[in-house]
Every structure is written in C-alpha cells, then in structure tokens.
C-alpha cells in the first residue's frame, strides 16, 4: 500500500502540534516542581534559570501519607471502573440486542442520571451513607463514583454492541457454544475498544473526583485530590512546589498504564472474526 | 481439701474479673472537627491531655478539612446531632453556629483574663452573661509594606508612611522614575481578586477613614457613607493616575498569589498584606525572615487626616465545644491546651499566627516587624459575625471589583450605594 | 435417549427464561442508579421548594415557600448572567472538543503514523491532570502578574503582531469566558478522541479496502464510509460532552473563581457558590433543578435532530 508522503507529513504535523499544545502548559508547573523552593524570586518570573532538583519529588515519594493517598485513589478508581464497566456492559448488551417493553423509556431514564450535578446531591448522599455507617469507607466512594459514570458507559457500549452483527454470535451458537461463551469469545473481543474507552473514562473520573471524595470521605480514606489540599497552610498559601511535584507523580503511572491500553484499541474488527 | 482448692480458684477468677474491669482504664474518644493545618496542635494537646489523665485511655478522632468544607461538614454533622466534642469555628461563622455551641462558664477557665479584651468580647458576643462560646486560638493582622530594594534603586530612602497623602506622595515619586524599574513593575498594588482578602484589606482603609461595614446593631449597611466613598476613591486615585492597572489587581485568584507577586517585586508599595508575609509567604518563595526584613519595609495601615492609624482586620478561629458533646469537661481541657499560653511557650506544638493571650505575646518578638504587629493588635477590629456575612461580603467584593474595572465610568458613591441597597434588602429580609 | 417431548419441553422452558434475560441484564444498573440517585434527587427537589440556609439545616428550620426560589432565580440578574456564560462555555467547548477529537481520532486510526499509542497517551495528559495543576498551569501562562504571556507582552513584537499582547486574559469581563472555553477544549478533547477512536474501530477495514479498489479518494472514503458509520458515535459524543460540560466548574473555580465580578461564572459554579459559600441551600437546589432542565432540554433537541436525520435516511 503506497502512502502519500504529503499525507504522512500532514498527519505528523497535526499530531505533534497538538501534543505540544497539550504538554506545553504544564511546562511551567513542571519547572516549579523541579526547582528548589526559591524559584520565582524575581519579576518578571524567570523560567529559564537552570537550577533543577528532584528534591520535591523525593519529598513527596518519601511521605508515607502520600503513598496512602495514592493507594486509596487507585483502589477506588479501579473498582469503580470495574463495576461501572461490568454492570454497564450488561445493561448495554440488553439494550443493543433485545427489544422489550419500555426499552426506550429506560434508555432515556438512564441518560438523565448523567446530568445530575454532584454538588447538588452531596448533602442527601451524606445523610444516606451516614445512616448506614458507610461514610469514609472504600465502599461509599466506589459505589458513588461508579454510578456517576454508568449512564455514559451504557450508552457508549450500546452503540458499540449495535455495530457487532448478531450473525457472529449466532454462528458461535451453531458451533455449539453457550450464550455466555459466545459472548466471551466473540462479542467481547470485538467490543474491546469500547470497553477500553469506558474503563478509562470511569477510572479517570473517579481518579480526579474531588467533591465526593472530600465530603463523603476525607479522614480515613483520602484520595490524592483531597490529599493535595493538605499542602496548603492557614493563609491559603499553596506550597506550589510540593503540589506540582505531587500532581506529576500521580500522573506518571497513569500515563504509562494507558500507553499499554492502546493495544485494546487495535483489536477491533481486525481480529479476523469476520469470515468472507 | 478439694473444696478449698475450688473456692480459691473461684476467688482468683473473681479477683481477675473485678481487677480487669475495675482497674481497666476507661476508654474515652473525643471527636474533633478542624482545619487541615491543625494536626500538630491537636496531637500535642492530645499528648498533654493523656498525660494529665493517666486513668483514662484517650483517643482523639480528628477529621480535618479545608476552609469552606469545614463549615459545610460542621453544618451537616450538627444537623444530624452528631456528638462532636471539639470544633474549630472561624470567627465570622459564630453568628451562624452560635446555637450549636455549648456555652462555657467563664469561671471554669483558668487564666481566662489572659485573653486580650477585644478577643474576649468576640468570644462572649453571643453568650449569656458569665459564659463564653469558646477560646480564640490565634489571629492575624495587616500592615502596609513596601519594597525597600526597588525604592533604593529609584533613590528613595528612609521611607515613612503615616497618612494617605504620604502614600500618594511616594506613588508619584515612583511613577516619575518608572523608567528605572524593570518592565511591568507597578508603583502601587492592592488586592482586588476573587477572595475574602479583597474585602478584609479594604476594610482596613474603611475603618481608617472612620467608617464601618454595618451599623452598630448590624441591621443596616453603612459602608456607602462618606468614609466608605473616601476609602474606595483612595484605591481609585492610583488607578486614575496610572500607578496600577485593573488587571494587575483583579487577577490574583487568592490572597496568597497576590502576596507572592508582591514578594517577587511586582509592586513597589502594597496597600495591605498580612503580617504573615514575612514568615509564611516568604518561606514559600524561599526567603528567610532576615532577608525579608532587609528587603521590605512596613508600617501601620495609614489613615487620612484625622483618621485612626493602624486599623486592621483581625482574623482567626475559635475552638468550641458542640452542644452535643458527651465529654464537655475533657473537651474544655483539650481546647485550653490548644489555645492557652502553654502551647505558645513550648516548642513543637504547631502553633502559628499571633497569640491572643497576653502572656504569650512575647513569643512573636522574633517575627518581622513584631513591634508593629503588637501595636496593630491594639487596633484590631472584626468583621460582622452574622450568618448573612458571606452574602454581604460577596456584594461588597463585587462592588470593589466593578469599581476597579470601570473607575473611569462610574463613581465610587454609585457603586457603593448600589451595593448597600442589596445588603439592606438581605438584612431586612431576615 | 431423551424423548422428543422432554426436549421440546426443555426448549420451551429455555425460551421462557430467555424472556427475562433482557430485564435481568439491566436490573443491576437500574437498581444502582435508582438507589443512589433517586432519593437524593427527590431531596434536592423538595429542598428547592424551601427557604433553607446552612443555619436552617442545622436547626431544622427550613420552611416551604413553594416555587418562590424559582421565581427569584428568574428575577436574579446573576442567574441570567451565569446561564449566558454556560451557553457560551458549553457551545464553544463542545464544538471544539468533538471537532478536534474527531480529527485526532481519525488521524490516529489511519495508520499514517507509527506509535499512535504514545500520542494517545500524551493527549490524555490534560484530561487526567488534577484541576489544581491544570488551573495553576494556565495561571502561570495567562495571569496578569504571574503569567508568561503578559510578561512577554510588551517585549515581543511577534505577540503584538498576533494580537496576543494583552495582559487581561483572565480579568477582562468580555473575553474571560472565551479564554476559559479554550482551556476547556484543551482539557477535554482527549475524551472525545477516545470515544471516536472506539467508534472508528468498529468500522470494518474491508469496507475501506473495497472502496480503494473502486478508486475512492481519502475524502470520499471519509465522507461516504467513515462519517455515516461513525454518526451514532459522534452523536453520543455530542450529547455526553454537552451534558458533562454543563456540570463542569472545578477548573473555572481554580483559575478565576467565577470572577471578576461574576464575569466567568457559569451556572454550575453559581450553584456551587450559592450552596457552599453562601449557604443558601434552598436557592442552590432550585438553581440545580433549572440546570438539570436546561441540560435535559438540550439533550431532547439532540434527539429530535437524530430522529429527523433517521427519518431522512429511511
């Protein structure tokens, strides 16, 4: 297959430009994270002095609190993502494959839940979970975070399942599979890109959530967004060097993890399940 | 013989049971809701409390939050009648929380008179006779600062600022020599961003001119009267004479960013900064206190002719006991450790800010401009403590920002009158 | 050897069970959503009918005032201001995010570049970063005092040429909401890109291959194969992004706090400030109900457009 070099060049141009656009704004905060405390001592701020240090990152990583915050966040985000994707996919499959009474009603009904702003229901949620003594536990955060992303996942996965022809599953039945096996071996791999997108979305939403994590938890279970506020002092002053270093340490493992997720985007229809 | 052994065994078992139950330490848990920076203080007070009560096994269950969240958490928890023992209430919120606070008999607090009179008055504001709402932890005050280094570059030395005219005089001198300053440096700066600091630093000038925010009985707005207009026009004078631009003062998203910009040399004279500029803010930019004193000069907030010099907003928190507390006496002892003089005089207790107890005032002697701080403390004034204050504060802040954005099109009186009208609607709607 | 009758019987039983499967599959989702959101939503609705402050919450003294909060909202210039800001913010954000998302997803999918995974991961960074870091990063670019652009403004003829030499990006009430919209596009495009990428994966390559055999150009392939098959995903993308963007406020809170003087306050931020810093819980609840209705209305409009599109192609 011939590739027109002008197209390739254009493609790289757009992608690299956007990559620079994405990363450039972080350059100043990254510099702050890499500089010793007396960074901006001049006006105008001097971004180009060369004194760099890793001591801020060391301070963050050596802080046992920080590791706990990060751990809590990973646990909450992972389980929230898992639950949202599994339960969401089940519902999505049903909407995609079957027709039943009130199906359209249920679909719109579910959609409206995505619109509810978190800040307006935080007080009754607090009361609800307080009554069950579930405040400040992993469970409350996992449940609330998974519910916050489920509607979108259901809609995305429904769209995805709809594009997978029923014939494939029926072919698997013919070959003697049970419906569960058919789902697992045929539909699931083909839906992998959709599942990957949903899982990433749910994970990131839970990872970055602030208001739910700080209101319904915040003492025993502290996610990193709440943990970042611990770096402020009595006079609103943010210790920017530490906050920046902490934020980047939080980002890095996630980025690495997502680079590996990439392969799930490639599986798709090229999996070769289509015959002829 | 066997019966004797049996009886002895029973006696032994009984003794063991009575022993463990009787001599076991009684377990007590105190629930504390406070701010994120209070951790060290809480841990120290906990240690003291435990030491003083060896017969008890004391656990402190503390939940720490940042500013707005503390208020929300307290409100939600108290609405559920949660048995909170100790809580930190910003002095602005005491009007809102007064019915949730267990009032303490003043006679039960040893050394109660050690607290400075104006702070005692605030602690007792909503309490019955002979009682107080809680103990004031620490406070902060504001002064006017200037960048000595930059002024030296312009050949201006021995700066003395006592009146508003002095400030204008120096501002003019700096403006004339602007070409000697780095690009973008402005002669004057003040806080007009989206934070309560915009309000509090302006109130200093409002009070200096003899005005006030609300009437004595807190039923009507008076900030739009003559002194208020004068104070806002003072800000306006610098805008109109090109000594500062609106975006310079509107942009800081919070007081700390403004303070840091000033330390970095953005403004030559800053109309108002917290005393913590030389300690906490300087530390954030890696400046030592000695460097700070060398580089920056300070004075009491100036007053116009005939006004009161040194007026300042005093901030701070009150440690209180909630009315649902199950251990009020222990809680009282706990908050006394946190707020009392001993905590100030001992190392490693995590205290910061300015003490409000006389016997601990000497502990700030080493802070930059300690003498000015102590003098300003005598002129400390408080913002209104009524529940409607957050709404009133927003209206006043909007007015200040509107004036700064449109100083050439509207008058200070117009803007303040409009704001006063809105505030009065709220106060009358109570 | 099972008899014919028993096999038929078992099949019938299986078919009957099959009937319940669709409901069973959606049951867990419905149960979770309803139990965790219906009660809070009902609370929010009843609160919107009361005059209730934080103080009232503590004392239990909120009183019912009917739809007074809603009337007050319609009379409140700050409400209309925030609604206007929301419409601008959402309109520009969604347009940019979906548009750029589509562009990036298409290029990454097209096999024109090597290592698309790395690009994808890099593009995700703004979306994953916490709002504190995002906020302060942009403050260090745009702020009048601390920002890079304003500091260079007077010194760089290049910036002046581009018209970028202003210092009031975040303080000029006329442009601040547009600036924030651009920042939101920067932050959220990755999500749209993810959704479109997933959608693109569902299109069989064989369709493209046979089109190429017939001599189709890139543009023709895009217009006649990609777009139609991607349309459902683009539409879901539009709907979801709109819904989510109406509720966004955290980055705005960090960068401008809604200021100056409410110039950058969107409806979701207005709700948050009214509830959590002013303590007017009743009014805030009414405002959030209005926000919900606005959100819902726009979704319905999308659906009507979708129906119209479907009718046209039918």
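The chains carry the letters A, B and C, assigned in the order they are written, with residues numbered from 1 in each.
One rule holds for everything that comes next: a contact is a pair of C-beta atoms (placed from the backbone, for glycine too) under 8 Å apart; a residue touches a chain by one contact, two chains touch by 3 or more.
These numbers were taken from a predicted model, which means no experiment stands behind them.
Enquirer: When you draw the chains as points and link the ones that touch, which shape shows up: line, ring, star, complete, or other?
Expert: Its topology is that of a complete graph.
Enquirer: Write out the two chains that share the greatest number of C-beta pairs in contact.
Expert: A-C
Enquirer: Which chain maximises the distance between its CA centroid and that of chain A?
Expert: Farthest from chain A by mean C-alpha position: B.
Enquirer: Quick one: chain B and chain C, Cα centre-to-centre, how many Å?
Expert: Measuring from centre to centre gives 38 Å for this pair.
Enquirer: Taking each chain's centre as its mean C-alpha position, how far apart are chain A and chain C in Å?
Expert: 14
Enquirer: Counting only residues that touch at least two other chains, what does the list for chain C look like?
Expert: 57, 146, 151, 276
Enquirer: Could you check chain A for residues that touch two or more other chains and list them?
Expert: Answer for chain A, listing residues that touch two or more other chains: 40, 44-45, 123, 238, 240.
Enquirer: Among the residues of chain B, which are close enough to touch at least two other chains?
Expert: 72, 76, 183-184, 195, 254, 260-261, 266
Enquirer: List the residues on chain B that touch chain C in their complex, please.
Expert: Residue positions touching the partner: 68, 71-72, 75-76, 78-79, 96-97, 99-100, 183-184, 192-195, 245-248, 250-254, 257-258, 260-261, 266, 387, 390-391, 394, 397-398, 401-402, 404-405.
Enquirer: If you look only at chain C, which of its residues touch chain B in the complex?
Expert: Result: residues 53-55, 57-60, 135, 139, 143-146, 150-151, 154-155, 167-168, 170-173, 254-262, 276-280 of chain C touch chain B.
Enquirer: Which chain A residues qualify as touching chain B in the complex?
Expert: Of all residues in chain A, those touching chain B are 36-45, 123, 126-127, 130, 214-215, 218-219, 229-230, 232-240.
Enquirer: Report the residues of chain A in contact with chain C in the complex, numbered from low to high.
Expert: 3, 7-8, 11-12, 14-15, 18-19, 21-23, 25-26, 28-29, 32, 40, 44-45, 47, 87-88, 90-91, 93-95, 97-98, 100, 106, 110-121, 123-125, 128, 143-144, 146-147, 150-152, 154-156, 159-160, 162-164, 190, 193-194, 196-197, 200-201, 204, 207-208, 210, 224-225, 228, 238, 240, 243-244, 247-248, 250-251, 254-256, 258-259, 262-263, 265-270, 274
Enquirer: Across the complex, what residues on chain B touch chain A?
Expert: Contacts found on chain B: 35-37, 62-67, 69, 72-73, 76, 80, 140, 182-185, 195, 197, 254-256, 259-261, 263-266, 274, 276, 280-281, 283-287, 352-353.
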